[in-house]
Amino acid sequence: MNGRELLWPVRVYYEDTDAGGVVYHASHLKYFERARTEWLRALGFEQDRLIREERVVFPVRRLEIDYLKPVRFNEQLTVSTVMTTLSTTRITFTQTLLRPDGETVAAAQVLVVCVDMDTFRPRPIPESILAEINA
Amino acid sequence: MNGRELLWPVRVYYEDTDAGGVVYHASHLKYFERARTEWLRALGFEQDRLIREERVVFPVRRLEIDYLKPVRFNEQLTVSTVMTTLSTTRITFTQTLLRPDGETVAAAQVLVVCVDMDTFRPRPIPESILAEINA
Amino acid sequence: MNGRELLWPVRVYYEDTDAGGVVYHASHLKYFERARTEWLRALGFEQDRLIREERVVFPVRRLEIDYLKPVRFNEQLTVSTVMTTLSTTRITFTQTLLRPDGETVAAAQVLVVCVDMDTFRPRPIPESILAEINA
Amino acid sequence: MNGRELLWPVRVYYEDTDAGGVVYHASHLKYFERARTEWLRALGFEQDRLIREERVVFPVRRLEIDYLKPVRFNEQLTVSTVMTTLSTTRITFTQTLLRPDGETVAAAQVLVVCVDMDTFRPRPIPESILAEINA
(Lines give C-alpha, C1' and ligand atoms only; values in the text may rest on other atoms or scores of the structure.)
Protein backbone atom coordinates (compact mmCIF):
# COMPACT_ATOMS: atom_id res chain seq x y z
CA MET A 1 0.00 0.00 0.00
CA ASN A 2 1.44 3.29 -1.13
CA GLY A 3 -0.66 6.18 0.15
CA ARG A 4 -4.17 5.17 -0.90
CA GLU A 5 -2.99 3.03 -3.84
CA LEU A 6 -2.35 -0.68 -3.65
CA LEU A 7 -0.19 -2.26 -6.35
CA TRP A 8 -0.64 -6.01 -6.77
CA PRO A 9 1.23 -8.27 -9.23
CA VAL A 10 -0.54 -10.74 -11.50
CA ARG A 11 0.93 -13.23 -13.94
CA VAL A 12 -1.05 -14.37 -17.00
CA TYR A 13 -1.38 -18.18 -16.96
CA TYR A 14 -3.08 -20.45 -19.51
CA GLU A 15 -6.25 -20.47 -17.37
CA ASP A 16 -6.69 -16.74 -18.07
CA THR A 17 -6.41 -16.87 -21.84
CA ASP A 18 -8.70 -17.95 -24.67
CA ALA A 19 -8.43 -19.32 -28.20
CA GLY A 20 -8.15 -15.74 -29.50
CA GLY A 21 -4.61 -15.90 -28.06
CA VAL A 22 -5.25 -13.20 -25.46
CA VAL A 23 -6.54 -12.82 -21.90
CA TYR A 24 -10.27 -13.65 -21.82
CA HIS A 25 -12.32 -10.56 -20.94
CA ALA A 26 -13.79 -12.09 -17.77
CA SER A 27 -10.31 -12.84 -16.41
CA HIS A 28 -9.63 -9.14 -15.91
CA LEU A 29 -12.46 -9.13 -13.36
CA LYS A 30 -10.71 -11.90 -11.44
CA TYR A 31 -7.47 -9.91 -11.37
CA PHE A 32 -9.32 -6.86 -10.09
CA GLU A 33 -11.11 -8.85 -7.41
CA ARG A 34 -7.87 -10.41 -6.16
CA ALA A 35 -6.51 -6.89 -5.84
CA ARG A 36 -9.56 -5.64 -3.91
CA THR A 37 -9.16 -8.60 -1.56
CA GLU A 38 -5.53 -7.62 -1.06
CA TRP A 39 -6.53 -3.97 -0.55
CA LEU A 40 -8.77 -5.04 2.34
CA ARG A 41 -6.02 -7.29 3.68
CA ALA A 42 -3.52 -4.41 3.54
CA LEU A 43 -5.93 -2.48 5.78
CA GLY A 44 -5.86 -5.41 8.18
CA PHE A 45 -9.07 -7.22 7.22
CA GLU A 46 -9.38 -10.86 6.24
CA GLN A 47 -12.64 -11.51 4.39
CA ASP A 48 -13.14 -15.00 5.82
CA ARG A 49 -13.05 -13.43 9.31
CA LEU A 50 -15.44 -10.66 8.20
CA ILE A 51 -17.85 -13.34 7.01
CA ARG A 52 -17.64 -15.33 10.23
CA GLU A 53 -17.64 -12.42 12.69
CA GLU A 54 -19.64 -9.70 10.94
CA ARG A 55 -21.64 -11.73 8.38
CA VAL A 56 -20.75 -9.19 5.69
CA VAL A 57 -19.61 -9.61 2.11
CA PHE A 58 -18.86 -6.98 -0.56
CA PRO A 59 -20.42 -8.05 -3.86
CA VAL A 60 -19.97 -5.95 -6.99
CA ARG A 61 -23.07 -3.85 -7.69
CA ARG A 62 -21.83 -2.12 -10.83
CA LEU A 63 -18.75 -2.33 -13.00
CA GLU A 64 -17.49 -0.40 -16.02
CA ILE A 65 -14.42 -1.62 -17.83
CA ASP A 66 -12.43 -0.52 -20.85
CA TYR A 67 -10.26 -3.12 -22.54
CA LEU A 68 -7.56 -0.94 -24.06
CA LYS A 69 -4.93 -3.43 -25.24
CA PRO A 70 -4.89 -7.19 -25.83
CA VAL A 71 -2.90 -8.97 -23.13
CA ARG A 72 -0.93 -12.10 -23.95
CA PHE A 73 -0.16 -15.39 -22.23
CA ASN A 74 2.75 -15.19 -19.76
CA GLU A 75 2.76 -11.40 -19.35
CA GLN A 76 3.61 -10.04 -15.90
CA LEU A 77 1.21 -7.24 -14.96
CA THR A 78 0.32 -5.01 -12.03
CA VAL A 79 -3.12 -4.07 -10.75
CA SER A 80 -3.44 -0.56 -9.31
CA THR A 81 -6.34 -0.17 -6.87
CA VAL A 82 -7.46 3.20 -5.51
CA MET A 83 -10.58 3.85 -3.41
CA THR A 84 -12.36 6.78 -5.02
CA THR A 85 -15.61 7.20 -3.07
CA LEU A 86 -16.95 5.94 0.23
CA SER A 87 -20.44 6.06 1.71
CA THR A 88 -22.18 4.27 4.58
CA THR A 89 -22.78 1.12 2.55
CA ARG A 90 -20.73 1.53 -0.63
CA ILE A 91 -17.15 1.82 -1.87
CA THR A 92 -16.04 2.76 -5.38
CA PHE A 93 -12.65 1.73 -6.70
CA THR A 94 -10.67 2.83 -9.72
CA GLN A 95 -8.62 -0.11 -10.88
CA THR A 96 -6.16 -0.33 -13.75
CA LEU A 97 -4.14 -3.17 -15.20
CA LEU A 98 -0.64 -2.07 -16.10
CA ARG A 99 2.34 -3.33 -18.08
CA PRO A 100 5.83 -3.06 -16.57
CA ASP A 101 6.45 0.06 -18.71
CA GLY A 102 3.37 1.71 -17.19
CA GLU A 103 1.06 1.19 -20.18
CA THR A 104 -2.58 0.80 -19.10
CA VAL A 105 -4.11 -2.28 -20.72
CA ALA A 106 -7.49 -2.11 -18.95
CA ALA A 107 -9.25 0.38 -16.68
CA ALA A 108 -12.32 -0.14 -14.51
CA GLN A 109 -14.67 1.59 -12.10
CA VAL A 110 -16.04 -0.90 -9.60
CA LEU A 111 -18.84 -0.23 -7.12
CA VAL A 112 -19.11 -2.70 -4.26
CA VAL A 113 -21.84 -2.76 -1.64
CA CYS A 114 -21.62 -4.02 1.93
CA VAL A 115 -24.38 -6.61 2.34
CA ASP A 116 -25.53 -9.05 4.95
CA MET A 117 -24.24 -12.48 3.98
CA ASP A 118 -27.58 -14.20 4.59
CA THR A 119 -30.08 -11.73 3.12
CA PHE A 120 -27.81 -9.95 0.59
CA ARG A 121 -29.48 -6.70 1.77
CA PRO A 122 -27.25 -3.60 2.07
CA ARG A 123 -26.03 -2.80 5.57
CA PRO A 124 -23.53 -0.27 6.96
CA ILE A 125 -19.85 -1.02 6.46
CA PRO A 126 -18.48 -2.18 9.85
CA GLU A 127 -17.10 0.69 11.96
CA SER A 128 -13.72 -1.00 12.29
CA ILE A 129 -13.26 -0.93 8.52
CA LEU A 130 -14.39 2.69 8.21
CA ALA A 131 -11.97 3.66 10.96
CA GLU A 132 -9.10 1.99 9.17
CA ILE A 133 -9.99 3.52 5.80
CA ASN A 134 -10.17 6.98 7.36
CA ALA A 135 -6.94 6.51 9.36
CA MET B 1 -34.22 -15.10 -32.72
CA ASN B 2 -37.37 -13.09 -32.26
CA GLY B 3 -37.25 -9.88 -34.30
CA ARG B 4 -33.86 -8.45 -33.29
CA GLU B 5 -33.82 -10.14 -29.86
CA LEU B 6 -32.21 -13.49 -29.17
CA LEU B 7 -33.26 -15.36 -26.03
CA TRP B 8 -30.76 -17.96 -24.83
CA PRO B 9 -31.17 -20.26 -21.79
CA VAL B 10 -28.46 -20.67 -19.17
CA ARG B 11 -28.40 -22.92 -16.14
CA VAL B 12 -26.35 -21.99 -13.05
CA TYR B 13 -23.89 -24.80 -12.25
CA TYR B 14 -21.38 -25.06 -9.39
CA GLU B 15 -18.63 -23.74 -11.69
CA ASP B 16 -20.46 -20.39 -11.89
CA THR B 17 -20.89 -19.80 -8.16
CA ASP B 18 -18.61 -18.71 -5.34
CA ALA B 19 -18.31 -19.14 -1.59
CA GLY B 20 -20.68 -16.19 -1.10
CA GLY B 21 -23.36 -18.66 -2.21
CA VAL B 22 -24.21 -16.76 -5.39
CA VAL B 23 -23.11 -16.53 -9.02
CA TYR B 24 -19.59 -15.06 -9.19
CA HIS B 25 -19.64 -11.65 -10.89
CA ALA B 26 -17.33 -12.72 -13.74
CA SER B 27 -19.64 -15.62 -14.64
CA HIS B 28 -22.28 -13.20 -15.90
CA LEU B 29 -19.80 -12.15 -18.59
CA LYS B 30 -19.49 -15.76 -19.70
CA TYR B 31 -23.28 -16.07 -19.99
CA PHE B 32 -23.42 -12.89 -22.04
CA GLU B 33 -20.64 -14.04 -24.34
CA ARG B 34 -22.28 -17.41 -24.96
CA ALA B 35 -25.40 -15.49 -25.97
CA ARG B 36 -23.50 -13.17 -28.35
CA THR B 37 -21.94 -16.27 -29.94
CA GLU B 38 -25.45 -17.70 -30.39
CA TRP B 39 -26.68 -14.36 -31.75
CA LEU B 40 -24.04 -14.56 -34.49
CA ARG B 41 -24.89 -18.22 -35.08
CA ALA B 42 -28.59 -17.36 -35.42
CA LEU B 43 -27.56 -14.94 -38.21
CA GLY B 44 -25.78 -17.84 -39.89
CA PHE B 45 -22.18 -17.21 -38.77
CA GLU B 46 -19.90 -19.68 -37.01
CA GLN B 47 -17.01 -17.91 -35.31
CA ASP B 48 -14.50 -20.67 -35.95
CA ARG B 49 -15.22 -20.28 -39.68
CA LEU B 50 -14.95 -16.47 -39.41
CA ILE B 51 -11.52 -16.93 -37.82
CA ARG B 52 -10.32 -19.34 -40.50
CA GLU B 53 -11.81 -17.61 -43.53
CA GLU B 54 -11.88 -13.93 -42.59
CA ARG B 55 -9.26 -13.80 -39.79
CA VAL B 56 -11.65 -11.70 -37.68
CA VAL B 57 -12.59 -11.88 -34.02
CA PHE B 58 -14.90 -9.65 -31.97
CA PRO B 59 -13.26 -8.85 -28.64
CA VAL B 60 -15.05 -6.76 -26.03
CA ARG B 61 -13.76 -3.18 -26.04
CA ARG B 62 -15.99 -1.80 -23.28
CA LEU B 63 -18.55 -3.25 -20.91
CA GLU B 64 -20.89 -1.79 -18.31
CA ILE B 65 -22.83 -4.11 -16.08
CA ASP B 66 -25.30 -3.71 -13.22
CA TYR B 67 -25.70 -6.62 -10.86
CA LEU B 68 -29.26 -6.12 -9.67
CA LYS B 69 -30.07 -9.32 -7.78
CA PRO B 70 -27.98 -12.16 -6.36
CA VAL B 71 -28.39 -15.32 -8.44
CA ARG B 72 -28.25 -18.74 -6.79
CA PHE B 73 -26.88 -22.14 -7.67
CA ASN B 74 -29.18 -24.21 -9.91
CA GLU B 75 -31.33 -21.33 -11.16
CA GLN B 76 -32.55 -21.52 -14.75
CA LEU B 77 -32.14 -18.14 -16.46
CA THR B 78 -32.49 -16.54 -19.88
CA VAL B 79 -30.13 -14.10 -21.58
CA SER B 80 -31.79 -11.49 -23.78
CA THR B 81 -29.47 -10.05 -26.46
CA VAL B 82 -30.40 -7.06 -28.61
CA MET B 83 -28.09 -5.23 -31.02
CA THR B 84 -28.43 -1.53 -30.23
CA THR B 85 -25.88 0.22 -32.45
CA LEU B 86 -23.83 -0.74 -35.47
CA SER B 87 -20.94 1.05 -37.18
CA THR B 88 -18.29 -0.02 -39.70
CA THR B 89 -16.14 -1.71 -37.08
CA ARG B 90 -18.26 -1.85 -33.92
CA ILE B 91 -21.44 -3.41 -32.54
CA THR B 92 -23.15 -2.52 -29.27
CA PHE B 93 -25.41 -4.99 -27.50
CA THR B 94 -27.88 -4.57 -24.67
CA GLN B 95 -27.94 -7.81 -22.74
CA THR B 96 -30.03 -8.74 -19.73
CA LEU B 97 -30.14 -11.82 -17.54
CA LEU B 98 -33.71 -12.75 -16.66
CA ARG B 99 -35.55 -15.03 -14.24
CA PRO B 100 -38.46 -17.16 -15.51
CA ASP B 101 -40.89 -14.57 -14.07
CA GLY B 102 -39.21 -11.84 -16.14
CA GLU B 103 -37.24 -10.25 -13.29
CA THR B 104 -33.98 -8.71 -14.52
CA VAL B 105 -31.07 -9.90 -12.36
CA ALA B 106 -28.29 -8.23 -14.37
CA ALA B 107 -28.12 -5.76 -17.26
CA ALA B 108 -25.16 -4.89 -19.47
CA GLN B 109 -24.07 -2.70 -22.37
CA VAL B 110 -21.35 -4.45 -24.34
CA LEU B 111 -19.28 -2.87 -27.09
CA VAL B 112 -17.42 -5.30 -29.35
CA VAL B 113 -14.97 -4.37 -32.08
CA CYS B 114 -14.18 -6.29 -35.22
CA VAL B 115 -10.41 -6.83 -35.25
CA ASP B 116 -7.89 -8.68 -37.34
CA MET B 117 -7.02 -11.90 -35.51
CA ASP B 118 -3.28 -11.48 -35.99
CA THR B 119 -2.77 -7.78 -35.28
CA PHE B 120 -5.82 -7.10 -33.07
CA ARG B 121 -6.25 -3.86 -35.06
CA PRO B 122 -9.83 -2.76 -35.89
CA ARG B 123 -11.03 -3.61 -39.36
CA PRO B 124 -14.41 -3.37 -41.10
CA ILE B 125 -17.01 -5.95 -40.18
CA PRO B 126 -17.23 -8.41 -43.13
CA GLU B 127 -19.85 -7.43 -45.72
CA SER B 128 -21.60 -10.78 -45.41
CA ILE B 129 -22.30 -10.14 -41.72
CA LEU B 130 -23.49 -6.56 -42.31
CA ALA B 131 -25.81 -7.82 -45.04
CA GLU B 132 -27.32 -10.39 -42.71
CA ILE B 133 -27.70 -7.89 -39.85
CA ASN B 134 -29.43 -5.43 -42.15
CA ALA B 135 -31.63 -8.11 -43.76
CA MET C 1 -31.62 -40.72 -19.77
CA ASN C 2 -31.28 -43.84 -21.87
CA GLY C 3 -31.12 -46.95 -19.65
CA ARG C 4 -28.42 -45.98 -17.14
CA GLU C 5 -26.66 -43.55 -19.50
CA LEU C 6 -27.32 -39.83 -19.65
CA LEU C 7 -26.24 -37.95 -22.76
CA TRP C 8 -25.82 -34.20 -22.28
CA PRO C 9 -24.83 -31.67 -24.98
CA VAL C 10 -22.07 -29.09 -24.46
CA ARG C 11 -20.91 -26.36 -26.78
CA VAL C 12 -17.31 -25.06 -26.61
CA TYR C 13 -17.33 -21.30 -26.01
CA TYR C 14 -14.39 -18.91 -25.71
CA GLU C 15 -14.52 -19.19 -21.90
CA ASP C 16 -13.53 -22.87 -22.19
CA THR C 17 -10.47 -22.43 -24.40
CA ASP C 18 -6.91 -21.23 -23.86
CA ALA C 19 -4.12 -19.58 -25.82
CA GLY C 20 -3.01 -23.01 -27.03
CA GLY C 21 -6.11 -22.80 -29.24
CA VAL C 22 -7.85 -25.75 -27.58
CA VAL C 23 -10.17 -26.45 -24.64
CA TYR C 24 -8.31 -25.82 -21.36
CA HIS C 25 -7.84 -29.05 -19.42
CA ALA C 26 -9.82 -27.85 -16.38
CA SER C 27 -12.85 -27.05 -18.57
CA HIS C 28 -13.47 -30.76 -19.18
CA LEU C 29 -14.14 -31.10 -15.45
CA LYS C 30 -16.80 -28.41 -15.71
CA TYR C 31 -18.49 -30.25 -18.58
CA PHE C 32 -18.46 -33.48 -16.59
CA GLU C 33 -19.89 -31.79 -13.50
CA ARG C 34 -22.72 -30.19 -15.47
CA ALA C 35 -23.57 -33.67 -16.76
CA ARG C 36 -23.53 -35.22 -13.25
CA THR C 37 -25.87 -32.43 -12.12
CA GLU C 38 -28.18 -33.29 -15.01
CA TRP C 39 -27.91 -37.01 -14.20
CA LEU C 40 -29.23 -36.28 -10.70
CA ARG C 41 -31.92 -34.02 -12.15
CA ALA C 42 -32.99 -36.77 -14.58
CA LEU C 43 -33.51 -38.98 -11.50
CA GLY C 44 -35.75 -36.26 -10.06
CA PHE C 45 -33.30 -34.51 -7.70
CA GLU C 46 -32.48 -30.82 -7.66
CA GLN C 47 -29.21 -30.16 -5.82
CA ASP C 48 -30.32 -26.85 -4.36
CA ARG C 49 -33.25 -28.68 -2.74
CA LEU C 50 -30.94 -31.47 -1.51
CA ILE C 51 -28.76 -28.81 0.13
CA ARG C 52 -31.71 -27.09 1.80
CA GLU C 53 -33.66 -30.17 2.85
CA GLU C 54 -31.00 -32.82 3.41
CA ARG C 55 -27.86 -30.70 3.93
CA VAL C 56 -25.93 -32.96 1.54
CA VAL C 57 -23.50 -32.19 -1.25
CA PHE C 58 -21.53 -34.56 -3.51
CA PRO C 59 -17.94 -33.30 -3.82
CA VAL C 60 -15.44 -35.11 -6.00
CA ARG C 61 -13.10 -37.28 -3.92
CA ARG C 62 -11.01 -38.70 -6.75
CA LEU C 63 -10.81 -38.17 -10.47
CA GLU C 64 -8.82 -39.78 -13.29
CA ILE C 65 -8.97 -38.28 -16.74
CA ASP C 66 -7.40 -39.05 -20.10
CA TYR C 67 -7.24 -36.23 -22.61
CA LEU C 68 -7.28 -38.15 -25.88
CA LYS C 69 -7.78 -35.47 -28.52
CA PRO C 70 -7.46 -31.68 -28.56
CA VAL C 71 -10.89 -30.03 -28.69
CA ARG C 72 -11.37 -26.75 -30.54
CA PHE C 73 -13.39 -23.58 -30.03
CA ASN C 74 -17.02 -23.86 -31.21
CA GLU C 75 -17.19 -27.67 -31.31
CA GLN C 76 -20.51 -29.26 -30.33
CA LEU C 77 -19.90 -32.24 -28.03
CA THR C 78 -21.84 -34.73 -25.94
CA VAL C 79 -21.04 -35.92 -22.41
CA SER C 80 -21.94 -39.55 -21.68
CA THR C 81 -22.46 -40.26 -17.97
CA VAL C 82 -22.87 -43.78 -16.58
CA MET C 83 -22.98 -44.74 -12.89
CA THR C 84 -20.52 -47.61 -12.47
CA THR C 85 -20.44 -48.33 -8.73
CA LEU C 86 -22.60 -47.40 -5.75
CA SER C 87 -22.00 -47.81 -2.03
CA THR C 88 -23.60 -46.33 1.08
CA THR C 89 -21.71 -43.06 0.79
CA ARG C 90 -20.07 -43.11 -2.65
CA ILE C 91 -20.90 -43.13 -6.34
CA THR C 92 -18.48 -43.73 -9.21
CA PHE C 93 -19.19 -42.45 -12.69
CA THR C 94 -17.62 -43.22 -16.04
CA GLN C 95 -17.85 -40.09 -18.14
CA THR C 96 -16.73 -39.54 -21.71
CA LEU C 97 -16.69 -36.50 -23.95
CA LEU C 98 -17.74 -37.37 -27.49
CA ARG C 99 -17.70 -35.82 -30.94
CA PRO C 100 -20.80 -36.06 -33.16
CA ASP C 101 -19.18 -38.96 -35.04
CA GLY C 102 -18.75 -40.87 -31.76
CA GLU C 103 -15.03 -40.20 -31.33
CA THR C 104 -14.03 -40.07 -27.65
CA VAL C 105 -11.98 -36.94 -26.96
CA ALA C 106 -11.69 -37.40 -23.15
CA ALA C 107 -12.59 -40.15 -20.69
CA ALA C 108 -12.83 -39.95 -16.90
CA GLN C 109 -13.55 -41.97 -13.79
CA VAL C 110 -15.06 -39.75 -11.11
CA LEU C 111 -15.66 -40.74 -7.50
CA VAL C 112 -18.06 -38.53 -5.56
CA VAL C 113 -18.85 -38.82 -1.88
CA CYS C 114 -22.03 -37.84 -0.11
CA VAL C 115 -21.05 -35.42 2.66
CA ASP C 116 -22.77 -33.26 5.20
CA MET C 117 -22.78 -29.69 3.89
CA ASP C 118 -21.62 -28.19 7.18
CA THR C 119 -18.93 -30.64 8.32
CA PHE C 120 -17.91 -32.12 4.93
CA ARG C 121 -17.89 -35.52 6.70
CA PRO C 122 -19.18 -38.52 4.70
CA ARG C 123 -22.75 -39.55 5.45
CA PRO C 124 -25.12 -42.07 3.85
CA ILE C 125 -26.68 -41.11 0.55
CA PRO C 126 -30.35 -40.19 1.25
CA GLU C 127 -32.73 -43.16 0.95
CA SER C 128 -34.86 -41.33 -1.60
CA ILE C 129 -31.90 -41.08 -3.98
CA LEU C 130 -30.87 -44.71 -3.49
CA ALA C 131 -34.45 -45.79 -4.17
CA GLU C 132 -34.52 -43.85 -7.41
CA ILE C 133 -31.11 -45.14 -8.54
CA ASN C 134 -32.19 -48.72 -7.86
CA ALA C 135 -35.61 -48.28 -9.47
CA MET D 1 13.48 -24.55 -6.64
CA ASN D 2 14.87 -26.74 -3.91
CA GLY D 3 16.68 -29.78 -5.36
CA ARG D 4 14.09 -31.12 -7.79
CA GLU D 5 11.10 -29.69 -5.90
CA LEU D 6 9.50 -26.36 -6.64
CA LEU D 7 7.31 -24.79 -3.96
CA TRP D 8 4.85 -22.19 -5.23
CA PRO D 9 2.39 -20.16 -3.11
CA VAL D 10 -1.30 -19.85 -4.01
CA ARG D 11 -4.00 -17.85 -2.29
CA VAL D 12 -7.65 -18.92 -2.48
CA TYR D 13 -9.75 -16.08 -3.92
CA TYR D 14 -13.50 -15.96 -4.54
CA GLU D 15 -12.96 -16.95 -8.18
CA ASP D 16 -11.67 -20.36 -6.99
CA THR D 17 -14.58 -21.27 -4.73
CA ASP D 18 -18.13 -22.48 -5.26
CA ALA D 19 -21.49 -22.35 -3.53
CA GLY D 20 -20.53 -25.42 -1.48
CA GLY D 21 -18.27 -22.98 0.39
CA VAL D 22 -15.04 -24.66 -0.71
CA VAL D 23 -12.53 -24.54 -3.56
CA TYR D 24 -14.17 -25.85 -6.75
CA HIS D 25 -12.56 -29.11 -7.88
CA ALA D 26 -11.41 -27.71 -11.24
CA SER D 27 -9.56 -24.85 -9.52
CA HIS D 28 -6.98 -27.27 -8.13
CA LEU D 29 -5.96 -27.99 -11.73
CA LYS D 30 -5.34 -24.28 -12.28
CA TYR D 31 -3.12 -24.12 -9.20
CA PHE D 32 -1.14 -27.13 -10.41
CA GLU D 33 -0.73 -25.68 -13.88
CA ARG D 34 0.52 -22.36 -12.54
CA ALA D 35 3.11 -24.32 -10.56
CA ARG D 36 4.23 -26.34 -13.62
CA THR D 37 4.61 -23.06 -15.52
CA GLU D 38 6.77 -21.76 -12.68
CA TRP D 39 8.74 -25.02 -12.61
CA LEU D 40 9.66 -24.48 -16.27
CA ARG D 41 10.45 -20.84 -15.57
CA ALA D 42 12.72 -21.83 -12.67
CA LEU D 43 14.64 -23.97 -15.19
CA GLY D 44 15.00 -20.87 -17.36
CA PHE D 45 12.18 -21.42 -19.86
CA GLU D 46 9.37 -19.01 -20.68
CA GLN D 47 6.49 -20.78 -22.39
CA ASP D 48 5.58 -17.86 -24.63
CA ARG D 49 9.14 -17.99 -26.02
CA LEU D 50 8.93 -21.79 -26.41
CA ILE D 51 5.76 -21.32 -28.44
CA ARG D 52 7.29 -18.63 -30.67
CA GLU D 53 10.72 -20.19 -31.12
CA GLU D 54 10.13 -23.93 -30.87
CA ARG D 55 6.38 -24.16 -31.63
CA VAL D 56 5.94 -26.53 -28.68
CA VAL D 57 3.32 -26.68 -25.94
CA PHE D 58 2.92 -29.18 -23.09
CA PRO D 59 -0.74 -30.17 -22.81
CA VAL D 60 -1.91 -32.54 -20.09
CA ARG D 61 -2.42 -36.06 -21.47
CA ARG D 62 -3.52 -37.75 -18.24
CA LEU D 63 -4.25 -36.61 -14.72
CA GLU D 64 -5.14 -38.37 -11.49
CA ILE D 65 -6.14 -36.33 -8.49
CA ASP D 66 -7.22 -37.08 -4.94
CA TYR D 67 -9.15 -34.39 -3.13
CA LEU D 68 -8.27 -35.14 0.48
CA LYS D 69 -9.60 -32.14 2.41
CA PRO D 70 -12.02 -29.34 1.62
CA VAL D 71 -10.18 -26.05 1.13
CA ARG D 72 -11.80 -22.77 2.14
CA PHE D 73 -11.94 -19.24 0.78
CA ASN D 74 -8.92 -17.11 1.73
CA GLU D 75 -6.60 -19.98 2.68
CA GLN D 76 -2.90 -19.55 1.86
CA LEU D 77 -1.52 -22.75 0.34
CA THR D 78 1.64 -24.09 -1.28
CA VAL D 79 1.94 -26.27 -4.38
CA SER D 80 4.80 -28.76 -4.34
CA THR D 81 5.91 -29.87 -7.81
CA VAL D 82 8.36 -32.71 -8.40
CA MET D 83 9.26 -34.22 -11.77
CA THR D 84 8.94 -38.00 -11.37
CA THR D 85 9.56 -39.46 -14.83
CA LEU D 86 11.00 -38.15 -18.08
CA SER D 87 11.01 -39.66 -21.56
CA THR D 88 11.69 -38.29 -25.03
CA THR D 89 8.24 -36.72 -25.36
CA ARG D 90 6.69 -36.93 -21.88
CA ILE D 91 7.13 -35.64 -18.35
CA THR D 92 5.29 -36.87 -15.26
CA PHE D 93 4.88 -34.65 -12.22
CA THR D 94 3.80 -35.41 -8.68
CA GLN D 95 2.04 -32.34 -7.35
CA THR D 96 0.55 -31.75 -3.94
CA LEU D 97 -1.39 -28.88 -2.44
CA LEU D 98 -0.29 -28.16 1.12
CA ARG D 99 -1.48 -26.19 4.12
CA PRO D 100 1.03 -24.09 6.10
CA ASP D 101 1.23 -26.90 8.71
CA GLY D 102 2.23 -29.37 5.99
CA GLU D 103 -1.16 -31.09 5.69
CA THR D 104 -1.78 -32.37 2.15
CA VAL D 105 -5.20 -31.24 0.91
CA ALA D 106 -4.89 -32.62 -2.64
CA ALA D 107 -2.40 -34.84 -4.50
CA ALA D 108 -2.05 -35.39 -8.22
CA GLN D 109 -0.07 -37.27 -10.85
CA VAL D 110 0.08 -35.25 -14.04
CA LEU D 111 1.40 -36.52 -17.39
CA VAL D 112 2.23 -33.83 -19.93
CA VAL D 113 3.28 -34.43 -23.51
CA CYS D 114 5.45 -32.23 -25.68
CA VAL D 115 3.46 -31.50 -28.84
CA ASP D 116 3.81 -29.40 -31.93
CA MET D 117 1.68 -26.29 -31.44
CA ASP D 118 0.10 -26.52 -34.90
CA THR D 119 -0.60 -30.25 -35.26
CA PHE D 120 -0.84 -31.22 -31.57
CA ARG D 121 1.23 -34.32 -32.51
CA PRO D 122 3.86 -35.49 -29.99
CA ARG D 123 7.41 -34.42 -30.72
CA PRO D 124 10.69 -34.68 -28.79
CA ILE D 125 11.15 -32.28 -25.90
CA PRO D 126 13.65 -29.60 -27.06
CA GLU D 127 17.28 -30.50 -26.27
CA SER D 128 17.80 -27.28 -24.36
CA ILE D 129 15.07 -28.24 -21.89
CA LEU D 130 16.35 -31.80 -21.47
CA ALA D 131 19.83 -30.45 -20.84
CA GLU D 132 18.54 -28.14 -18.13
CA ILE D 133 16.41 -30.85 -16.49
CA ASN D 134 19.41 -33.22 -16.43
CA ALA D 135 21.81 -30.54 -15.20
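Think of it as A, B, C and D in the order they're written, each chain with its own count starting at 1.
The rule is short, and it goes like this: a residue touches a chain if its C-beta (ideal position, glycine included) is under 8 Å from a C-beta of that chain, and two chains touch if they have at least 3 such contacts.
Model, not experiment: these values are computed from the prediction.
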Return the chain pair with more inter-chain C-beta contacts, choosing between C-D and B-C.
-> C-D
Among the chains, which one keeps its Cα centre farthest from the Cα centre of chain C?
-> A
Per the C-alpha means, the centres of chain B and chain D lie apart by a whole-Å value of 33
Counting in whole Å, what is the centre-to-centre distance of chain C and chain D, each centre being its mean C-alpha position?
-> 24
Cα-centroid distance, chain B relative to chain C, in whole angstrom | 27
Could you list the positions in chain D whose residues touch two or more of the other chains?
-> 14-15, 20-22, 26, 30, 33, 72-73
Write out the stretch or stretches of chain D touching chain B in their complex.
-> 14-15, 17-22, 24, 26, 72-73
Chain D residues touching chain C - in the complex, by the definition given at the top = 20-22, 25-27, 29-30, 33, 57, 59-67, 70, 117, 120
How about chain C: which of its residues touch chain B in the complex?
-> 11, 13-15, 30, 33-34, 37, 46-48, 51, 72-74
